[in-house]
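The next part holds the structures, each set out as structure tokens.
You will see chain A twice below: alongside chain B first, and alongside chain C after that.
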Partner chain A sequence: MTMLQVLENFARECNSNDRLRQMNREWNRTIVIRETDSGNAYWLRSQEGTIQSGEGSQFEADLEVEGSHDVIRSVFSGEMSPTEPYNAGDLLVKGRQDDLMRLDIITLLIWGE
Partner chain B sequence: MKQVVSVSLGSSKRDHDTTIWMYHQEIRVTRRGCDGDMDRAMIMLRELDNRVDVIGLGGIDRYLVVNGKAYEILDARRLAECVQSTPVVDGTGVKAVWEYWVINQLVEQKIIVPDQKVLLVSALDRFGMAQAFYERGFATVAGDLIFASHIDYPILSLQELEKFARRLLPEMVKMPFAMLYPTGSAQEQLSFDPIYDRYFAQADIVAGDFHFVRRYLPDELSGKLIITNTTTEEDRRLLQDRNLRTLITTTPVLDGRSFGTNVIEAAIVAATGVMPGQKQWEDAVRGAELEYTVTRLDRV
Partner chain C sequence: MAQPRVLSLKTAVSTSAGLASAAINFLACVEVAEYAGGSSAWIALLAAGILIVFSASNFAELSGLYPSAAAIRVWTKRGLNDSWSLIISLVYALTVIFVIAADAFVLAQAFRRAIPAVPGWVWIAILLVLVLWANLRGIRVAGRIQDINAMLLLASLTIIAVVILGKGPLPPVQQFFHLGHGIVQSIALGVFIYVGFEWVTPLAEEFSDAKAIPRGMYLALGLIAIAFGLFSVALTTIFPRPAQLASTFVPQLLAGQKALGVWGFWWMLFVTATTAMTTFNGGLFTASRFIYSLAREKALPKQFSHLNSRWVPSYALSAIAVLSLILALVIFETRQYAVLINAGAGVEGLVYALSALLVIRLRKKEPTRARPFHALGVPWLTAAVGIIFFVLGMAALFTSSSAWPWPFMFIASLVLLTMGYVHFVLPRMKEAQRRKVSSSIKGNKVTPEETTK
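Here is the complex of A and B:
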């Protein structure tokens, strides 16, 4: 699965989850995701409870997420929670702490347990 | 005289030193705030090891216990592991037994009634209180996501609270504690953002952690009742200024302040030698003759 497909799947999981749609209904943010090893960039946009994804870094980011291809893929495909690579310094997140926390909660609500 | 010390990640402005009576014993109780500085707390804990009878961890929970399942906060474990010999407690055992009982007592005595609406600002750190409210039929909003994570999503049932706990807590306990809860000077900050005022406005009873309550306190609290602890004289004046009707503190008020549950738990352990989790623990808490305090602020 390509990274874009991983992110599209992540967005689909969010959009099909009623609880997440309600939680994110006023969370309008752009997240730019950069792979440090390949240099590739992707984006996720949350707008009125719906998440969209795409390639490139043309948007001004509210939250920037950086890590290796493997770490990014693992986090956004649910193989790994963001907490561990974040604590280990393998996942760098620039932005407001609240947004980081929300991203963490989103991944846990999709894939937790 | 037995001595217990509470080492808190909270503000040192709330430090105090007093004595309390428990199980016919006088116990010296000291609180030392570290202003959110983990390293300072670790040094203090190492210094106190073997020098006092019991140590309380304040401003942080070591365990979040949800329906019998304990989730250990890693930063709290790091703190507790600085102590080799002296028992270390965090108040979880008192919250689970005592706060559950207090809510039920308040209902029995008709001080609160189940048709009142409750805002419990954080429920995952006081599951006993949450359980009592939901079991007694109170329409209760658990505000963990709202006030801790700024996600405008009210949790409305015990089942949903448990589901969130199962999904979120195994990972969230690994986060730096300061991301989960205000520590040090962050505890003194007030949010002037009225975004969550409606949750206060809709509630007849506001309950739970006082730092969250204080931070988001709306200007007007007429007719409302707050159930909390760790309040000081200054806090009571603040609540009175906002026209709060009744303040109920779940722990005894001594020298003008209500103690943190970790302090009470440390005193119980010092007096009885019974640790939370032991089968005699519930009896030890009940036998401590704790009293909650009801203060009508509109009549002061």
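Here is the complex of A and C:
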């Protein structure tokens, strides 16, 4: 599965979860995701409760997420919570802590503990 | 609409000063003056401040290397290993509870002096429950209010001290340079006045200029040194003999009254209340999120990652608040606040020593990783200051008015409990969880990927 497909799946999971749609209805943000090893960039946009995904870094980011391809893939496919690589320094973030916590809560609501 | 994520140098200064400003600092000033031998308290604070500048440069390098809200958890994990990282991070996070309990003591003493009809413990319970309630409902005291309070406190202390010193009479000049027998303890306790300045580093992700944090920390340290240095000297003019200092639990109110009469008294009571409340709020908020993140990485029981309907980690928050309240009431009853000051100063001294070790180790382990800021004097001066902090930390832990070194015993027990948890309880918890997942896979015949859903 390519990274774009992983992110599309992630967006689909978010959009099919009523609780998440409700939670994110006023959380309008652009998240730019960068793979440090390949240099590839992707984006996620939350707009009125709906999440979209895409490739590239053309948008101005509210939250920037950086990590290796494997780490990013594991986080957005639910294989590990973002907190694990984040607390190990393998996932770096630039943005507001509230937004970071929201991203963690989203993964918690989709995939559980 | 997203809020701007770029924080300014001004915010770095006010946040660093704000997190270092606690009501317990008033009593810490008394202790510093007592051990320094009176009017020379400023020397102890200056010496502690100079050492702290080196430590600040260590934190600046680490924060630039790994700008993360998980801060010490990340740095120790990269520089040492996961087990030590957990032990150190947990003990460090628990010092927040000491600071809350110590501030609660100061708050209770101040209100008891102003309104004797209401028992002091009632104020502690009311304010802690109020702050807990606000946090559980997701109401955050805006960082701006916290920052304004820090500046208000520092400005109030400076003005009151200047007025007191201006009124005179001042002690003879040689007394300002007379060092008491307890100068080492005095410097070690002086470290406590600055404690918390480094808690601005978890905000590193929100600054676009990587140098804003080091600059902010340095400026904040200067402001704290000036305000509390002047306050300590002013205190020694009100109480010329160090023994007299030990008898007061409300030095800030007496200083306010001395400078500005009844208005000064009530003004300092107000400043004490707002400072204690911002300490409660900041402490509960920070510690609960840290506990939540450890629960999310399965290092603590999963109950601590429980979120209420307002997305607040309510169990973690409540646990911290209850522990703080219990400790605060114990301290209120026993009046052993000095144990908390010494324990807090000891832990911080050791953490500052650790910061030196981490800078040196990470320079060797990850030499090519970008460092927007370089610590001062690596490796020899950094190592020397690290050793000094280690000695000061241990001196603080062994500073006690009784025959038993209670601060040391308190912290040693905490470290042993944490080590026991990390080495014995946690592996069993993880094994149990692994077995649960494993049996779930066999029972349901689902793929490992599906078990995460």
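Everything that follows uses one rule, which is that the second predicted complex is superposed on the first by the 112 of 113 C-alpha atoms of A that agree within 3 Å, B and C clash if a C-alpha of one lies under 4 Å from a C-alpha of the other, contacts with A are read in each partner's own complex, and residues count from 1 in each chain.
Going forward, contacts are C-beta pairs under 8 Å (C-beta built on N, C-alpha and C of every residue); 3 or more make two chains touch, one makes a residue touch a chain.
Remember, predicted model here, so these are calculated numbers, not experimental data.
Colleague: Are chain B and chain C a fit on chain A, or do they clash, once the structures share the same frame?
Modeller: Because the two structures are overlaid on the shared chain, the partners are seen to clash.
Colleague: Touch test for A:Q97: chain B only (first), chain C only (second), both, or neither?
Modeller: both
Colleague: Taking the superposition as given, does A:D62 touch the first partner, chain B, the second, chain C, both, or neither?
Modeller: So A:D62 only meets chain C here.
Colleague: Have a look at where A:R19 lands relative to chain B and chain C in the superposition and call it first, second, both or neither.
Modeller: first
Colleague: Of chain B and chain C, which one contacts the greater number of residues in chain A?
Modeller: C
Colleague: Tell me the contact category for A:G78 with respect to chain B and chain C: first, second, both or neither.
Modeller: A:G78: touches chain C, not chain B.
Colleague: Kindly classify A:N87 by the partners it touches after superposition: chain B alone (first), chain C alone (second), both, or neither?
Modeller: After superposition on chain A, A:N87 lies in contact with both partners, chain B and chain C.
Colleague: Which holds for A:R29: it touches chain B only (first), chain C only (second), both, or neither?
Modeller: In the superposition, A:R29 contacts chain C only.
Colleague: Quick check on my understanding: which residues of chain A belong to both its chain B contact set and its chain C contact set?
Modeller: 23, 81, 83-84, 87, 97, 100-102, 104-105, 108, 112-113
Colleague: Using the touch definition from the top, list the residues of chain A that touch chain B in their complex.
Modeller: Listed in rising order, the residues of chain A that touch chain B are 19, 22-23, 25-27, 81, 83-84, 87, 97-98, 100-102, 104-105, 108-109, 112-113.
Colleague: Which stretch or stretches of chain A touch chain C in the complex?
Modeller: 23, 28-29, 62-63, 77-79, 81, 83-84, 86-89, 92-97, 99-102, 104-105, 108, 110-113
Colleague: Quick one: which bits of chain C touch chain A in the complex? Just the residue numbers, please.
Modeller: 1-3, 5, 66-70, 73-75, 77-78, 202-203, 205-206, 289, 293-294, 296-298, 302, 305, 307, 311, 449, 452-453
Colleague: Would you mind writing out the residues of chain B in touch with chain A in their complex?
Modeller: Residue list for chain B touching chain A: 145, 149-153, 166-168, 170-172, 174-176, 179.
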